[in-house]
Every structure is written in structure tokens, then in C-alpha cells.
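Next up: the structures, one after another.
There are two complexes below, and they share chain A, which is joined by chain B in the first and by chain C in the second.
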Partner chain A sequence: MKYLLLALLAGTPFYGIGNYPLHLVIMCLLWGYVYTSWSIMGRLGLVSFGHGSFLGIGAYSVVMLWNHFGVSPWIGAVVGVVLSAVVAVIIGFPCFRFKIVGHYFALVTLALSEVTRLIIVALRDQTGGSLGATPNTALAQGNAWSFGALQFSDKIVWFYAILAVWLAGLWVWAKVDRGMTRLALEAISHEEEAAASIGINVTRSKLFVTLISAVMTSIGGALYAQYQLYINPETVSGISISLQMVFGVIAGGMYVMLGPTVGAVFTLLLAEGLRLALGDAFKQFPALDLAIYGLMLVLFIIHMPKGILGTAQEAWGRASRPH
Partner chain B sequence: MLALTDVCAGYGSFQALFGVSLEVKAGESVAVIGPNGAGKTTLLRAISKLIALTAGEVTMQGRSLKHVPAHEVIACGISQVPENRRLFARLTVEENLKMGAFLPAARKKFAERREFVYSLFPRMQERRAQLAGTLSGGEQQMCAIGRALMSGPKLLLLDEPSAGLAPVIVQSIMQMVKRICAEGYTVLIVEQNIRQVLKVVDRAYLLETGRIKSSGASAELLASDEIRKAYLGM
Partner chain C sequence: MEIFDIFLLEAVLNGILLGGLLALLSLGLNLIFGVIDVVWICYAEMIMIGMYAVYTLHVQYHWPLLAAMAAGIASVALLGALMHQFVIRPVLSAEPINQLLVTGGVLFFLQAAATLAFGIEFKNLGVKLPPVAIGEMSFSFPRIIAFAVAVAGVAATYLFLTRSYLGTAIRAISQDREIMPLMGVSPGRIFVATSALGGALAGLSGCLLVLQYDIHPAIGLSFGPITFLICVLGGLGNMLGGLIAAFIFAQFISVGGFVFAIEWGYVIAFVFFIAVMFWRPQGILGGK
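Entry: the complex of A and B
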């Protein structure tokens, strides 16, 4: 069943659905991967509003190094990963060491995502500021693709690349889910002192999942930049994208493997739907989608805390159980 | 086995312990008794390094715990049953036990020790798949003690095992403590229910406002005027 669905998904480019729907599928997978990255720490009680920062670091590292120094995005992505890891430790270590948890942790990370956005805007001479940046093209002489520059004009290549990354993200999720780290972090999120008293190194366990999550998100940022070939501070960092990740994961279902992906599909359909339904009104109120996300987030937390997929699975389990 | 010398500790500028010294020998069961706010829980937190000492020293089998962080105390053979149990409420009984055997060395002996805990508390075997948060108070206490035993400790610290339990349950918990002592564990128990705890331990220290007021064998203390008047209402 699982493999059948995967095979069905893998065949997507050959259904003749056209470029735009294929683009939507790719975006669903890419954001599904990013949301999965977020949920690796989010589901274990480390709710971060700062993942826009790691996404931004990943995206801007590849584009800036490529545009200014001609460094291949492959290396740029590695630089982004290292930078994200460093930032994760700088923010995470003091928080975990001095027991900044729950709402306070969320506030610290909220500041992080906004600071990252402001830094990108402030360095406008290098980053292009609020106008964003486009990676210099490597496809000038009729080349359809450049492996070194990680640029492909063919969406099918991107589809398979991002499908692979998405699967890798799910694999990491499952690995963490089955490992001792999940039990340790679940214990920490229930009872931090009891966890320490049974031998769990609270600081190290938290830092471990934070690093995994940050690094994965950073790779997501790099892929986003290379696929879209355009980034700006609003779309890859700052509060709105960070909030969107939190919303997407909660809407989809935080505690099931495919929950974040379902959340990505849901947010994308919501955004596209709003764009179609509201048309010009959407342009006049640019923060309208954010307001709707916020409202829906409240509704989800109150009425469907397990998310769409979590609730559906529960209902399915109830229906199939014999009475 | 465990020795405290002139231990001082507190919370910020508030000092809760003033030069506490005590000793627990291997195979003994010792209680620290005293009224509310005497510093009993603080004393256990100081031993398990959940708060820092401001002065004095704690040694376990001759080794100073000065530079041992909280999560490594258990590797020194000290396992704590925290006040109010502190179970992982959304995990099952068996998962709680699994968490008690978190360290790699303990994980290898998981099956064997689980059987031991189940033989000690058959009720836990019946409830193994139940969420710990849905157990009754007495069962939660069993589960918490079971979790603490899973690391195979040399010394078991019990923080107010009778807290919030009905008198009849308190008696059965005390009988469990007695059995655990009989199994060869060394036990340090902190308790307000002085009459009950003195029936099961070998020796006790009386802690008042952060200082040891007196100490002696349980029978001696039970018979002393000081304890009888102040704590047993006789």
C-alpha cells in the first residue's frame, strides 16, 4: 500500500498534468520536507518560531556565495548547514542550559527569525535587501541544466531531486521517532527533573534534535533558492514564514510521520485558494493570509489539536475496531 | 556508602540547609524526618545535584559528587524517586520502566530487572500497558519506585512516598519499602509521616529548619520524649 502510493507519486510528471500543477506538487514536497524538519523538534516540546532563520541562512548562503564569489551551490549549501548549526548552538545551548522552556523558548526563537530577516534587509548592498536576490544564471548558452550550479530548467529533474530529499526527511523523522532520543525528549517535555534523575542529559538531548532540525531546514532553504531562482527576506525568513511552518505542522498533525506533509498541502492549497478567491483584494491587504493563518491556528489548536491527519487516523482506527 | 559533611544549600539568597551531616552505610535503611519546610526535599535535591551546594560535600562510596552533573548521578548508583512521583504521564507503565533503564548499561539488563519489578509489584504487570497518568496514587508510587529500581541502583532515595495517599495505602507503601530494604537495597527516605516510617527503617535523623536536631535508632526515636511530644502528639 505504502509503496503503491509512493510509485503513484513518483509517476506524477508523466500524467501530463502540465507545468503549473507539477510546480504545486514540487512545492508541496519541498514544504513538506521543511515542515517535517520543523516537527522533528516541535513535536518533542521544542516549539520554535525561529526556523525562518535557518531557512534564510540556507537560502542566502547559496545565493550570496554563488553571486559574489562564484562558489558552487553544493558548497554553499554546506556553508549554510554549518552556519545554521552554529546559530542553533548559539541560541539553543544557553536556552537548554538555563532551562528556558515553553513560551519563553518560543519567544527567544521568535526574535531569532526576525533578527535574521532584519540582517538580510540591512545588508542590502550584498543581499538586495527587501527586493530579494536572484542567483546568476548558469544556463546562458542554451544549456538546459548545470549540475555544478545546481540549476535545472526541467521541472522533472527538480521533482525527483526534491522527492528524494523529502523521503530522506521522512526517514530521519522515523529514525528519531524510533530512537531513544524521542523517549528521552518526551520524558524531558513531561518532567524535566525526573528525566535528569534517570540519567538523561537534558541539554545534550535537546541540542541534538535542534541541530538535526536546523540543518535539515537549512538544506530546505538552499533547495528553495535553487528551485525558485528567487529569494527575498519575507519568503525565506522572518516571522511570517516561521509562523507558517508552525501552522502547517499543527494543521497537518504533529505526531504522525506524514502530518507535516499533509500540512504543507493544506497551507499551499489555502494560499492558492485565497489568491484565486480574493484576487485583487489579496494585493491590497498583503498580510491577509497571515491573519487567516493566525485565526485558523487558534481554531486548530482548540478543535483539532492532533491535526488533519492525526484526527483522520484516529477516526479510521475507531471505525475499523470491532465493537 | 553515602556521606554528607556540613552541606549548605538553598534557592537564590534563601538558605534551606545549614551544615547538614549524615551518613548511610551499605545495607542500611535510613530516614530523614521532620516537619514541613524543614529542608528534607532540598536535602535530596542536593544529593541528586538538582540544586548546587553552597558549602560542604557529598560523597558516594568515597567519591565526591562535587563535579558530577545531575544526569550522571544515577551512573554513580544513586536513583531517586522524586516527590509527587513525577511519572511520565503519557507513557505506559512499561515505557516508564524502560525510561528508568535509560543508560546503556541498564538497557542491557532491562528484561531481567523488569521481571524483578513485576515480581515486587505484581499490580504493575497487570497495568503494564496502561498510561501512567491514569494509575491510582498508590500504583503511581509503585511505578515510580519500579522506575527507580530499573537502573539497578546501590542507593535508593525516596522523597515523601506517602504524600497525598490514603492512610491504608501509606501502610502498604511502607511495607514495600521494607521489602526493598530486605532485598538488599540501601535506602534513604525522606518522610513527614514519622510514625509510619519509623516502623520500617533502621535509623533516622530529625531535621528541623535546615539543621539536624537529633538522630538515633528508630526504636529509640519513637520512644524519645522529644519526638513523642512534638510529632506524635503523645
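Entry: the complex of A and C
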């Protein structure tokens, strides 16, 4: 069943759905991957508002190194990953060591994502500031793709690349889910002192998932930059995108593997659906989808804290269980 | 060198003026956190609604500015009470992080609602007040007004909390949420009153900000983060700590912005915040 669905998904480019729908599918997978990365630590009680920082570091590392030094995005992505890991440790280690949890953790990481956005804006001579940046094209003279520059004009290539990354993200999620660290962190998120007293190394366990999550998010940022070929401090860093990740996960379902992906699909389809349903009216009300989205988030958190997929699974489980 | 010092002094004084405003911004949020134990991530968006209310009444309906401001404050106070009643109350017993997140949903909603109602264009009151020159230094007049009103607002809130019955009950609830119901204080009503008061303070902040800045739907994002960080730096719920933190932050922004560039002022302030968090996670004045 699982593999059948996957095969169906893998065939998407050949259904003749056209470029724009294919683009939407790619965006769903890409954001699904990023949200999954966030949820690896979010579901274990580490609600970070700082993932905009890792996304931004990933995206700007590849574009800046490519544009200013001609360094291949492959190396740029590695640099971004290393930078993100360093930042994650610099922020994470003291946070976990000094038991900064809950609200305080959320707000410290919020400061981090704002710092990243402001630094990008402040370095406007190099980064282009709020106007954003575009990677120099490597696709001149009819070249359809350049592997070294990680630029492909063909959406099919991107579809498979991002599908693979998304699957890898799910694999890591499942790996962490089955590992001892998850059990340790679940114990920690319930009662940190008690967990420490039975010999769980709280700092190390938290740092472990934070590093995984940060590194994955950074790769997501690099992919986003290479696929969209345009980045902007507001869309890859700062408070907005950080909150968007958190809410995508909540809407979809934080505690199930495909929850974050469902959240990403839901968010994108809501905007697209409203665009189609409202037609021209949509152009007059540019923020209608966001208003509905915000309202739905409030209702979700109040009435469906397990998210769409989590609630659906629960209902499914109840229905199939004999009474 | 002398000129440099004069400008540095100007930056320091401007920082003090900004500090008063930031103190007022963070006061309402701190009050709500201290009493209800919930952080309104959307607090800055409520301030934005206040700004739009003043703008609409004054510019579109030609109300006198002061009447528009009074109505603005009242409408945000009402919004605060509604916010508590319909958004916070249902999640009071849920996990704390859900309470934080639900207000984030309100943030998106208010931002989008403002875009729907007013568009993304920058709006302003069109009230231009001349700068005040003292020697070689010049200060923006709206900033001086904002500082004075903010200080008065903080003082009035302090008096309200210490001298009135309702204020005493609010402080009592914030000290012990379990015992107070036994003493005949209804926490539900106190929570609504606190939310309305927090909303009124947001409305007042909006009135002061609208004198200085253009309004646009995303304006909350530009001063929202700094407001939370001030509260956390001072120790969430600790109002005196919040005041001190506001002035510290304002100096970083103003002097840092003067020496480098305005974004670097913010970067320094945020990095300072992160560093202090590691040193005193409970905030500079927060208890355990």
C-alpha cells in the first residue's frame, strides 16, 4: 500500500499535469521536508522559533559563495550545513545546559532567527539586503542543466531530487522515532529532573536532535535557493518563516510521520484552492487565504491539537476497532 | 572629536526616549504574562490594530485626534478581552506551548485582516510636528510626547495595580493562582480584566507609534520580537525588570545604530539578549 502510493507519487511528472501543478507538488515536497526537519525536535518538546535561521544560513551560504567566489552550490551547501551546526551548538548547548525550556526556549530561538535576518539585511552590500539575491545563472547558451552549479531548467529533475530529499527526511524521522533518543527525550519533555535522575544525559540528547534538525533545515534552505533561484531575507529567515514552519507542522500533525507534509500540502492547497474558487475576487483580497489560515490555526490548536493527520488517524483507529 | 561627542549624546538621549516607549510596549505583555501565564505572540499586531483604528477614525472619519485615540485605546481593550474570552480561555488547561502557538494563529489572522481592510500601502496620519532643537542636537517631537505619555502610562498602571481593589486582586492572582479563588476572587473575571487592561496598553502604544511611524500590515513584525525579548530579558512577568530591560535595549539600538547601522544596533541588542539568557535564564530581575 505504502509503496503503491509512493510509485503513484513518483509518476507525477508523467500525468501531463502541466508545469504549474508540478511546481506546486515540488513545493509541497520541499516544504514538507523542511517541516519534517522542524518536527524532529518540535515533537520532542523543543519548540524552536529559530529555524528561519538555519533555513537562511543554508540558502544564503550557497548563493553568496556561488555569486562572490564561484564556489559550487554543492560545497556551498556543505558550508551552510557546517555553519548551521555550529550555530545550533552555540545556541543549543547553553540552552540545554542551563535548562532553558518552553516559552523561554521559544523566545531565545526567536531572537536567533531575527538576528540572522537582520545580519542578512545589514550586509546589504554583499547580500542585496531586503531586495534579495539571485544566484548567477549557469544556464547560458541553451544549456538545460548544470550539475556543478545545481541549476536545472527542467522541473522533472527537481521533482526527483526533492522527492529523494523528502524521502530521506522521512527516513531520518523514522530513525529518530525508533531510536533510544526519542524515548529519552520524551521522558525529558515530561519531567526533565526525573529523566536526568535515571541517568539520561539531557544536554546530549537534546543537542543530538537539534543538530539533526538544524542540518536538515539548512539543506532545505539550500534546495529552496537553487530551485527558486531567488531568495530574500524575509522569505528564508526571520520570525515569519519560523512561525510558518511551526504552524505547518501543527496543522498537519506534529506526532505522525507524514503530519508535517500534510501540513505543507494543506497550507499550499488552501492558498491555491481559494485562488481558484474566488477567481478575480482573490486579486482584490490578497490576504484572504492568510486570514482563513490564521483563523483555522486558532481553531486547530483549540479543537484539534493533534493536527489533521493525527486526528484522522485517531478517528480511523476508533472506527476500525471492534466495539 | 567634540562634534562626535555631541552626536553620541544625542544618540544616548534618543535611546532614553525610545526606552520609555519600549517600556510601555512591553508593560501590557508583561502584565498579561504575569497574571495569566500566557505570552501573546500577537501583542504587536494588537498595537497595529490600535494604529489603524486611530488612522481610520482621524483620517477617514475626521474625528479629532484625541477622540480617535481614545476610541482606539477602547477598541484594542475590547479586542484584548475578546481575545482572552474566545482564544485563550479554551486552551488555559492545555499545554503551555499550545497557548503560545494559538496566539501565533491570531498574529497571522490580524495581519491578514489588516491587509484585507487597508491594503499593503503605507498609511500615515499626516500630522507633522517640527523637531525640537537643543543646542546642536535635535529630537523628534513625537518621540518626546511618546516618552512623556509612556512614562505617565507606566506610572498610572503602577498606581492602578497598587491602589485599586481590582489592581490588588490582579497582583494577588499573579502571586498565587490556586489560593485566590478561595479568597473570593474570581480568576475568570480577573483574567478578562487583565486582558482588557493589556489591550488598552497596546492601544495606547499604538496611539504613540502612529505619531512617529507609517502604518502597514507587517509593522507588528518589526517591533514585536523586540517587545517579547524585553519581557524575557527583564524576567517574564516582572514589570520592573521589563522597564530596566527596555532602557538597556533602547541604548543598544540607539547607540549601536549610531555607531554602526540601525540593523547592527538590533543585532547587538539581540546577541546581548541571548548572552544574558545563558547567564541568567530567568531574566535580570526574574525570580525562580
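Methods note: the second predicted complex is superposed on the first by the 297 of 323 C-alpha atoms of A that agree within 3 Å, B and C clash if a C-alpha of one lies under 4 Å from a C-alpha of the other, contacts with A are read in each partner's own complex, and residues count from 1 in each chain.
Heads up, the rule we're going with is that a contact is a pair of C-beta atoms (placed from the backbone, for glycine too) under 8 Å apart; a residue touches a chain by one contact, two chains touch by 3 or more.
Note that the coordinates shown come from a computational prediction; the quantities given were computed from them, not determined experimentally.
Student: Look at the residues of chain A and decide whether chain B or chain C touches more of them.
Tutor: Of chain B and chain C, the partner in contact with more residues of chain A is C.
Student: When the two structures are overlaid on chain A, which partner does A:288 contact: first (chain B), second (chain C), both, or neither?
Tutor: After superposition on chain A, A:288 lies in contact with chain C alone.
Student: With both complexes superposed on chain A, which partner does A:262 reach: first (chain B), second (chain C), both or neither?
Tutor: The answer is neither, since A:262 touches no partner chain.
Student: Which of the two partners, first being chain B and second being chain C, lies in contact with A:199: first, second, both, or neither?
Tutor: The answer is first: A:199 touches chain B but not chain C.
Student: Would you sort A:79 into first (chain B), second (chain C), both or neither based on which partner it touches?
Tutor: A:79 contacts neither chain B nor chain C.
Student: For A:184, using the defined touch cut-off, is the partner it touches chain B, chain C, both, or neither? Pick first, second, both or neither.
Tutor: Touch status of A:184: first partner only.
Student: A:246 contacts which: chain B (first), chain C (second), both, neither?
Tutor: A:246 sits against chain C, while chain B stays out of touch.
Student: List the residues on chain A that touch chain B in their complex, please.
Tutor: 180, 183-184, 186-187, 190-191, 193-202
Student: Show which residues of chain C lie in contact with chain A when the two form their complex.
Tutor: Touching chain A from chain C are residues 39, 41, 87, 90-91, 94-98, 100-102, 104-113, 115-116, 120, 217, 221, 224-225, 228-229, 232, 236, 261, 263-264, 266-267, 270-271, 273-274, 277-278, 281.
Student: Which residues of chain A touch chain C in the complex?
Tutor: Interface residues on chain A, with respect to chain C: 45, 47, 91, 94-95, 98-100, 102-104, 106-108, 110-112, 114-115, 118-119, 121-122, 238-240, 243, 246-247, 250, 285-291, 293-298, 300-302, 305.
Student: Write out the stretch or stretches of chain B touching chain A in their complex.
Tutor: Going through chain B, the ones touching chain A are 48, 50, 69-75, 79-80, 82, 86-91, 95, 98-100, 102-103, 106, 147-148, 151.
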